[in-house]
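Paired with chain B in one complex and with chain C in the other, chain A is shared by the two complexes that follow.
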Partner chain A sequence: MDLILFLIFATLAVVCAVSLVVQKQPIGSALSLVGVMGSLAVLYLLLGAEFIAAVQLIVYAGAIMVLFVFVIMLLNAREENPAGRSWPSRLLGIPLLTVFLGLVAYLMQRMAPSMGTVTFGSFNTGAKEIGRSLFNQYLLPFEVTSVLVLIAILGAIVLARKEID
Partner chain B sequence: MPQLNAVPMSWYLILSAILFTLGVAGFLFRRNIITVFMSIELMLNAVNLSFVAFSHQLRQVDGQIFTFFVMVVAAAEAAVGLAIILTVFKNRRTLSIDEVSSLKN
Partner chain C sequence: MNFFLISLIKMGIVTAAFMTTLAYLQWIERKVLAHIQSRVGPYRVGPHGLLQPLADVIKLAMKEGFIPSHVNTFFYLLAPFLAVFFALISICVIPFGPSVEILGVRTDMGLADLSVGVLFILAISSAGVYGIALGGWASNNKYSLLGGLRSSAQMISYELPMAIALASPLLILNDLSLRTIVNEQAGYYLGIIPKWTIFQMPFPQVFSFLIFLISGFAETNRVPFDLPEAENELVAGFHTEYSSMGFASYFMAEYANMVTFCSLATVIFLGGWHPVFPAAYGSDFVPVLLLLAGAAMLLYHGVVQPTQGRPWDKYTMPAAGVIFALIAMVFLAPVLKPILIPIFWFVSKAGFLMFTFIWVRGTLPRFRYDQLMNFTWKFLFPLAIVNLLITAFAVALQGPKS
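After this line comes the complex of A and B, so read on.
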């Protein structure tokens, strides 16, 4: 059952990611990215990360993607111009990426016997464990992150101020 | 053939590698600045998946904490990045990254 769910949602994620890269319209790419994030949330659930799955849906698929869609509509983004690349980058891009992927997959397969398998329910972490770890061991990074978010809000306001008139 | 209720750990990591490669491909091949930005988000998501997978394998919560921090930083990055895109569009009336090349010369 786990395997079937994994295969369904892994396929969905890869199909949506390919669709993100090949779509002509930015809004199509944005919707594909929502598909990737949704299927990743299911995979997080399979891995027992309940809190992260919820945050993935709320923060990523909710907040960040709404921001993207909003900007796409605000700027009225249409189909892009065909790329005017030089011939080496055209010729080398896809083969080099394939080599990279093959190399990583090969290393993963070589490490595979020592890594074991994932069974649903063997390791569950809810908000309780995350919160306990966040406010004990990772308290300083957590506080620093809040300052970072504050700075990002101020930066975004300063950059986008007196915008579209 | 693995059992039906156990997924090999390496499959998660390979899926993460595939998503990361697709993100790099989008980053390199697309010309629209918003799509390039979305490809970066795809790469971040791919790395998050391997963080959570390793967290499950090591039976430790730390990987999920890292994922949490990556999400927070990605949210901050999206806010600032989209504000920069708005400013670029306001000044140049274009969304093509080929035409935004002041730093080249």
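After this line comes the complex of A and C, so read on.
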């Protein structure tokens, strides 16, 4: 049962990821990305990480992608006309992609024996444990990250605000 | 296999009840609005207009599903499906009652008990905006697009106060599973004041309840926050170009969101299925008394002032009165009591909230768009944060729960 679900949603994630790249409509790409996020959330759920799955949906599908869709709709982005690709990119694209995929496959194969196997439902940590470790063990990185986000927000406001004479 | 069978039966029951509620909620809304405005509302179809939902469904299903030539067909068809899918799915984590024994089988009343039930509902409700935004965009119509834009901005903005208002009761209740949350609210202070979250020490969550309710009006696109479909500005907003089942899906999604939202508020703030006062003081007889009072009123009106209208209209009220009295008798049966009493409390609390939604729709005018945004970012959001801070301090002062 778990394996069937895994195969369905892993395929869905890959299909959505491919569709994200090949779609011509910007909104189609955005929705494909939502599909990827949703499938990943289901994969997390299969591993037993319910909290991570829910947060994945809330943060990525619910907040970030809604903002993307909002901006696409606001700018009313139309279908992209594919710009003529230059000859080096045509010449090098497919070989480079093959080399990259081969490298990834090789590294995975090298690393695989040293890593343990993962079973469905093995990451059974609840929200309580995650919260505890976030505020005890990882308090400093957590706080530093929030300060970083705050700086980013301030920077965005400074860049976007109108000059007042 | 037993588990699958029970789940299947429960799914069937919940789906049937949910769909009927959706259809009749619309009837109730029209009736209540009509009475607020001194009209009678739907009256001609069936006794007292009771078959109106059926007629509406048949009408909507029979209409031609017209696809305008200028729309983006794929997204145009996908959008209402998304809207109704996300609206219907979140009911499956709501617990309706305690675990009961029916015919020797022990089972929870409710479909699934996720350990992150609250987050699941938040995730699904935040995904619900896609249906509206996409429908507005795919319609390729400036009114629809404006409606879709407004809805996405509005829902992003109101999700913040809503999530923060939800966080403060969770600090007190100390769990994310909705069933555990309801169980935490059992019991009474001084034997009479229920331990619901809005009354629970160390800091009663009245403010979070109000913030949650107000954001809920915005999340479900209801008056006074129905900017995405403001009739006098945007024709019909995001669903201008939809007819037949597409329109029906949006309609259904709105009511389904309302039901889910009211159930969630009931579960988190109003103690779920726990009665208002202890069973020791006879709270089990409240449904019987209420139904008998309703029956008496209907009989009085039906017999003393018979309705003028079609020949059979004068029998409607007395017949409804008799039916009410019979239902009241059902509540007295000792076998059914452990099932019906929790359901009654849950439904009456959620029903009261739904009535509030309709009441507000009949009373308040619509916000202007800048007022809407100022209200959430400059008032509701800071208030929710202050409330969260006070709750956190109170919980920290109280120390860990025993």
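The criterion applied here is as follows: the second predicted complex is superposed on the first by the 149 of 165 C-alpha atoms of A that agree within 3 Å, B and C clash if a C-alpha of one lies under 4 Å from a C-alpha of the other, contacts with A are read in each partner's own complex, and residues count from 1 in each chain.
Keep in mind that, in the parts below, a residue touches a chain if its C-beta (ideal position, glycine included) is under 8 Å from a C-beta of that chain, and two chains touch if they have at least 3 such contacts.
Computed from a prediction, not measured in an experiment: that's the story for all the values here.
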Scan A:Tyr44 for contacts with chain B and chain C and give back first, second, both or neither. first
Could you tell me if A:Ala127 is touching chain B, chain C, both of them or neither one (first, second, both, neither)? second
Does the superposition put A:Leu31 against chain B (first), chain C (second), both, or neither? second
Would you sort A:Pro95 into first (chain B), second (chain C), both or neither based on which partner it touches? neither
May I ask you to decide whether A:Leu74 touches chain B, chain C, both, or neither, giving the answer as first, second, both or neither? both
State whether A:Ala61 touches chain B only (first), chain C only (second), both chains, or neither. second
Between chain B and chain C, more residues of chain A are touched by B
Shared chain A surface residues [contacts with chain B and with chain C]: 51, 55, 63, 67, 74
Contacting residues of chain A [partner chain B, same complex]: 1-4, 6, 10, 13-14, 17-18, 20-21, 23, 26, 29-30, 33, 36-37, 40, 43-44, 46-49, 51-52, 55-56, 59-60, 63-64, 67-68, 71-72, 74-75, 77, 80-81, 83-84, 89, 93-94, 97, 100-101, 104-105, 108-109, 111-112, 115-120, 123, 125, 129-130, 133-134, 138, 141, 145, 148-149, 151-153, 155-157, 159-160, 163-164
Quick one: which bits of chain C touch chain A in the complex? Just the residue numbers, please. 72, 75, 114-116, 119-120, 122-124, 126-127, 129-130, 133-134, 136-137, 145, 148-149, 152-153, 155-156, 159, 176
Counting only contacts in the complex, chain A reaches chain C at residues 25, 27-28, 31, 34, 50-51, 53-55, 57-58, 61-63, 66-67, 69-70, 73-74, 76, 126-127
Going by the contact rule at the top, pick out the chain B residues touching chain A in the complex. 2-15, 17-19, 21-26, 28-32, 34-35, 37-39, 41-42, 45, 48-49, 52-53, 55-57, 59, 61-62, 64-65, 67-69, 71-80, 82-87, 89-90, 95-96, 98
